[in-house]
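The following pair of complexes shares a single chain, subunit A, combined with subunit B in the former and subunit C in the latter.
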Partner chain A sequence: MSIGSPDSTVGVEEHPASAEPVRAASVAHGKSPTRIAMDRLRKDKLAMVCVGIILFFILVAVFAPLLAKLEGQTFSAFHTDLVDEFGFPTTGPNSQHWLGVEPKTGRDNFARWVYGARPSLIVAFSATLFGTAVGVVAGLLAGFLGGWTDRIISWIIDFVLSLPYLLFAIALVPIVESMRGGSFNLTPEEQASTRFYVLIFVLSFFGWAGLARIIRGEVLSLREREFVLAAKAIGVPTRQVLFKELLPNLVAPIVISASLSLPAYVTAEAGLSFLGVGLVEPVPSWGQTIAVATNWFKADPIFLWLPVLGITALVLSMALLGDAVRDAFDPKTRR
Partner chain B sequence: MLYFVARRLVSALSVVLVTLIATFTLFFVAPTDPAAAICGDRNCTQQRYNEIKRNLHLDRPKVQQFAEYTAGIFAGRTFETAGVKQKCPAPCLGFSFKNDRPVYETLKTRLPVTVSLVAGYAVLVLTIGVFVGSLAAKRRGTMGDRALMTSTLVLSSIPYYIVALMISLYLTILYPILPRSGYTPLTENPGKWVAGLLTPWLVLGIYNCTQYARFSRGSMVETLSEDFIRTARAKGLSDRVVTYKHALRSGLIPVVTIFGLDIAGSLAGAIFTEKIFDLPGLGNLVIDSLNNYDLPVIMGTVLVASVFLVMMNFIVDIAYSLIDPRVRLA
Partner chain C sequence: MQWKRITAVAATVMLAAVACGSPSSNNNSGGGKVQEGTTQEKATDPTAKGPAAEIDGAKKGGTVTILSDVTPDTFDPTNIYYVDGNQIGKLFYRALTQYKLDEKTGKPVLVPDLAEDLGTKSADGLTWTFKLKQGIKYSDGSLVKAEDYAYSIKRSFAHELYDSGPTYQIQFFKDGEKYKGPYAAGGDNYSGVETPDQNTLVIHLAKKFDDLPFYAAFPLFTPIPKSKDTQKNYEQKPLATGPYMVQSYNAGTSLNLVKNPNWDPNTDPVRHQYVDGYNFKFSQDLIKAQRQVLASNGPDANALSYSNLDTSLLPEVKDQSQLVKGDGPCTITLPMDTRKIPFEVRKLVAAAYPYDAWRKVAGLNSNDSPPASTILPRAVPGFEKYELPGLNGTGKGAQDPAVAADVKAKLAALGKSNFELSQYYSIDDKISTQVFQLRKQVFEAAGFKYKGIGVAKAKIRTYTGDQNAPVNIGKTPAGWCSDWPSGTSWFPVLFKSDAIALGNSIGQLQDKTLDAEIDRVTALDPNAQLKEWGKIDKMILEKYLPAIPLYYSASDFPIGKNLGHVINDVTQGMPEFTSIYVKQP
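== the complex of A and B ==
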């Protein structure tokens, strides 16, 4: 028998039947870890349902003006004729206002709901983008360069993680506003746009540190591996080692972290708006609508339930998808 | 050991110091104008504006202001307003812009509310969470375990404030199944204290125990497959003694870690609970101060909360190395 002989073709010739499985196995090995994870994810029915729901909300957000036009209403037009003297809406859902109107102002519920999906998604996606970018770069630098760079970055990570994030988010809002001239001097539009950027800044500022810590840990073990040593030995510049050699090996933690932080950011945005520190009028946002609607929940439950269902469905499907993504990329977590 | 404690202490103190500098910079060095904020928009004459600036020492160099603020925290300081001296005793965090009371005094009246809330929550979350988690770990793989874990995953994926708000609106106001929330000091009327805090405790506890359940389940699953558990079983100990005396003890170590951090975090982060259930704690204070642009109060609360978090981090680190001898003290 020729098992263990360096010339493997001898064995294949002797046992032609065994050639088949060997080739099949090599095909399976050709898949990248990302491909394998994506295949695993595609088989997860719950994850696919979640993808569908998230896509639905993205489409609603993208086509918000079109949907509002289809209904024939805008999100900002007041219909004071549709509310009585106490502010209660006099009409329920009808062909003109598909989901009824707001109490007090009489603005169209449907139009405000479809527009409300926009800030949630924009804030969440941009915060994830910035947070992930900063976290990856900081983690790569700390882990790969070591020494003082590592010490300083690690200290900053510890510092950021030990700050009470909700309190800081609340504290930052009046400060940034007064930098722009104080909330008394800002027009509502200016105030709303300021709040928008403050939110993205705060969320990404507190979001990068966790990922940076994970990436640093991974890089610490990766940088001792042969392929990195080889790259360094043949004189590949540091930047190329970081982004061409190390980064592709970090896809799993990055994807997992991003998919878990998306629902967290949607939750945080709506939560801060609910507390009155996030988005403000005239930007329609679900969190802020919930805060107003709690005063009307007995008389006008639709007004409350629309944003509540919107946030719950979006966050729930994002979180479950994030969980499925983690299982797909890191099967060890599923026991 | 001593070296480890000292090193952690230095690192904790450095974080506190930087937090102090960062909050001070944010509030007083950034192009904000506290004097204008106090003075208000209407009938603010230049003279009054200058007077406020002088009284709060805002016209002095920033470094000196910072030194005075820091010194005030340890030694107290005196402000002079229109000839009247106002003393701000030892942990001086400045005066509120809104009601001219020392910030520390306001914090002291609000703290018991938040502490009561967190204390009850801590008891609930630890008992329910760990019990459910170890139960699930023992029956790993059964229908009950899977149902429990799925439901905890779904529940913890819904934003907390939505759950709390819906329960508050529908179960305490519209259909009063649970008692209406409110705060009565414990020393005044213990019965009312419990009744007023019961709903927030339950909501906080049940929502957050899902994470504890998942966490302690994972930890217990690992512990139950260890050799010393097999030894205990081989000795003929009863199932209950093995699970709750031998396994739980070592399985709880990681749970204790997140518990410490969670408690510190919820002292600062009980904002949603306090807002929704209308409890006059620290979180509500911050929101009120935000609406009044009361910067010293916000700054004081942020500072106190940060110090508390750092302290808790430090304690957990030390406790962790004490409980688990495998943790390397380096």
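== the complex of A and C ==
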């Protein structure tokens, strides 16, 4: 036997195979539940494809200006010479306009599509981030501290869940506009950005309560467990008990909730924009494009297919990834 | 359903800024074959007699189906104001006067209906006397009495009850502001209208209203017997005087008309009774209905849709004769506040305006919105075609870099570089925001500063309707539709100084010379006015330019293959229902 490198199989050879029970390759040991879940996830081919697709869209959104520049177009310039008298585009996809132009206005489809990925992703990610953070903290506090804190937080959760979310989204826009100086003093860009922030706020405001309720329930059952009682008994400060003892045990519900809310927010943004209460021009967004494009479906199918494909691919891969994450974290799942 | 939504949106956008004297519920409009550039000789014909001349090849029998996406709000004669209700109402309500469309030119001529003549006014112009035709019967066989005409006029003052009807009687008739209609206490006593005998109707005015004979064509002047008035329920079973009568009416869904046996063709110079009946079906899906009409399979061959053909159906039109085209009663403009924008700058705005691109972005096409070069639309008698250089509703404007540079240089020469133009737009309406973006891009390229104030679509008319709004272009009325085909329904209402106080001013002009000139023409005989309005029209655009004419309304609606003599009534922009026949009944 030649001498191998120090960490080669030398040690293993010294123990006869029968000395230790053989572990199945799939059974990990000495790893945290999160590591186990991640390992499982990594082996899930479908999940990895989904991650790829989501990464693709993130890259498209991040490099939207660059991509548009590469094509040589902007998302806002009108090219009315490229549509006929009735608004139908006279050119299909070509080297100048890779995916053709919009009916009526002649704005570039490709540029609008890459820029349209931005609001969807920004809104979805920031609303998820904010909603999760608030939800987790509120749920932890309510469940662990109990008493009046619990009653107040639970009441707020119930209150938020009972508010009509669509009405709220519509009503908040003029209020925020007047806080920013009234619609008379705002430029169209400022008005559009107001809509953008209001949308993020509304989605996250209505998103945290559900998660907070789940976390509170989990904490209620966890706080009577021995390790928490022990930590309390030896005088560990509340903050540390919450974030060092309890939080790691809550990773699974948090990750699952976040991964499932992402696609929900993408759809919500597109849906609200489609209905006209979400984003408005001049911000390009897929939801708005779909609202217009349904009327031009026969004449210009690519105009409708682009945003529909974008949203479908993004939401589907996010949802499948969310499912995969849940399966990975749940040891009982068998496929 | 999506189609309907966008059509509604488009219609709102196009007409949002149009203060129609007659608010039209749809933006389609019509007209026969009006020849451009010819001035009409005659606006009225008090001697026209029934029966109406037979139409070549017309046959009797058959039933016409009308598939409509819009729903007329009411068929109560007092409450009708929208064009569709008005036009359909002509089938069963006769008023004092009516319009006869010239068989060759399609131009409207005011002729008597239930009155013997077009009314005679007293020397001071405050008393009008109408001679009434005798022996007219209602659909139930009872005789029409002079009191019935007086009663329906009294009824129109109950404006709280009939709140969508026209209101000129309140403005012009004697005690119009005080009298509250026949249902109020003491409602029987109204001194504004008298019937000295069975063949005379006398109307007293508070101020001069020379257009009364035109106004008398509205269905509110149809006779209604007091004993049969069921107020708001009258429209369910109204007494008909026209060639057809109501068989059944389901508000919002359908209206079925059958022949009225008591209509006498010898008293009516306009209407015919060729078909056996009309079935109106409302609240239909626009695209589906128009597709049915175009395909003309089976019963659909006898159908028509009076909304303008949806652009998306253009490729499905196989037979051009299935499209009825013609002029409508509206002109849409871009008004500029003459108090805030100097004349020289207004001319530069007109030069820089990107007509072609704007038409595309706004979704206008030459079939239903032909480019305009005048204030009066082609359908109004007195229209005379002229084109000022650069003011014909087409052209690239400052989208052409050469024009942009030229305008920029001229602005600088005037010392007005970066002159700020401002407008309202609907932030939640895609077409409105896109139009705004286009104008901003183009006008900024031409050296202007362009500011937009985005407001909610539901509220925009409140803002743009304010004559002193803090914007300088696009205030309403941005367009106008005539209540009756006459220049008097246009120039005195829109361009005189007092129009500002009435909230009707296009361009907020305050010019004594122009006021005097308009007053001079208004005082002329209706037939003599015809030649003058064209000159005033040109003078306003040439010397004042209070607005850039953008487009006229026009008709372009589909009809079934089996329908004959479907022409457009330019006074309403609707099909002329009373002369339609079925080719193979």
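Following the convention adopted for this analysis, the second predicted complex is superposed on the first by the 295 of 335 C-alpha atoms of A that agree within 3 Å, B and C clash if a C-alpha of one lies under 4 Å from a C-alpha of the other, contacts with A are read in each partner's own complex, and residues count from 1 in each chain.
Simple rule for what comes next: a residue touches a chain if its C-beta (ideal position, glycine included) is under 8 Å from a C-beta of that chain, and two chains touch if they have at least 3 such contacts.
This structure is a prediction, so every number in the text was calculated from the model and none was measured.
Within the superposed three-chain model, A:188 lies in touch with subunit C and out of touch with subunit B [touch as defined at top]. Legend: residue contacts after superposition of the two complexes on their common chain; A:320 is shown touching subunit B, with no touch to subunit C. By the touch criterion defined above, A:159 lies against subunit B but remains apart from subunit C after alignment on the C-alpha atoms of chain A.
Subunit A has more of its residues touched by B than by the other of subunit B and subunit C.
Judged by the touch definition given at the top, the superposed model places A:179 against subunit B, while subunit C stays out of reach. When the shared chain is aligned, no partner comes close enough to touch A:234: not subunit B, not subunit C. Look at A:288: by the touch rule set out above, it reaches subunit C but stays clear of subunit B. In the superposed model, A:77 makes contact with subunit C only, not with subunit B.
When the two complexes are overlaid on their common chain A, residue A:167 makes contact with subunit B while staying clear of subunit C. In the three-chain superposition model, subunit A touches both subunit B and subunit C at residues 174, 183-184, 276-277, 294, 298.
Residues of subunit B touching subunit A in their complex: 11, 14-15, 18-19, 23, 26-27, 30-33, 36-37, 41, 140, 153-154, 157-162, 165-166, 169, 174, 218, 221, 265, 268-269, 271-272, 275, 286-287, 290-291, 293, 295, 298-299, 301-302, 305-306, 309-310, 313.
Chain contact summary for the complex, subunit A toward subunit C: residues 76-78, 80-81, 83, 85-87, 104-106, 174, 183-184, 186-188, 191, 276-277, 280-282, 288, 291-292, 294-296, 298-299. Taken in their complex, subunit A has these residues touching subunit B: 155, 158-159, 162-168, 170-175, 178-179, 182-184, 263, 267, 270-271, 274-277, 290, 294, 297-298, 304, 308, 311-312, 315-316, 319-320, 323, 335. By the touch rule above, subunit C contacts subunit A in their complex via residues 2-3, 6, 311-312, 314, 354, 356-357, 359-361, 363, 365-366, 399, 427-428, 430, 433-434, 436-438, 441, 451-456, 470.
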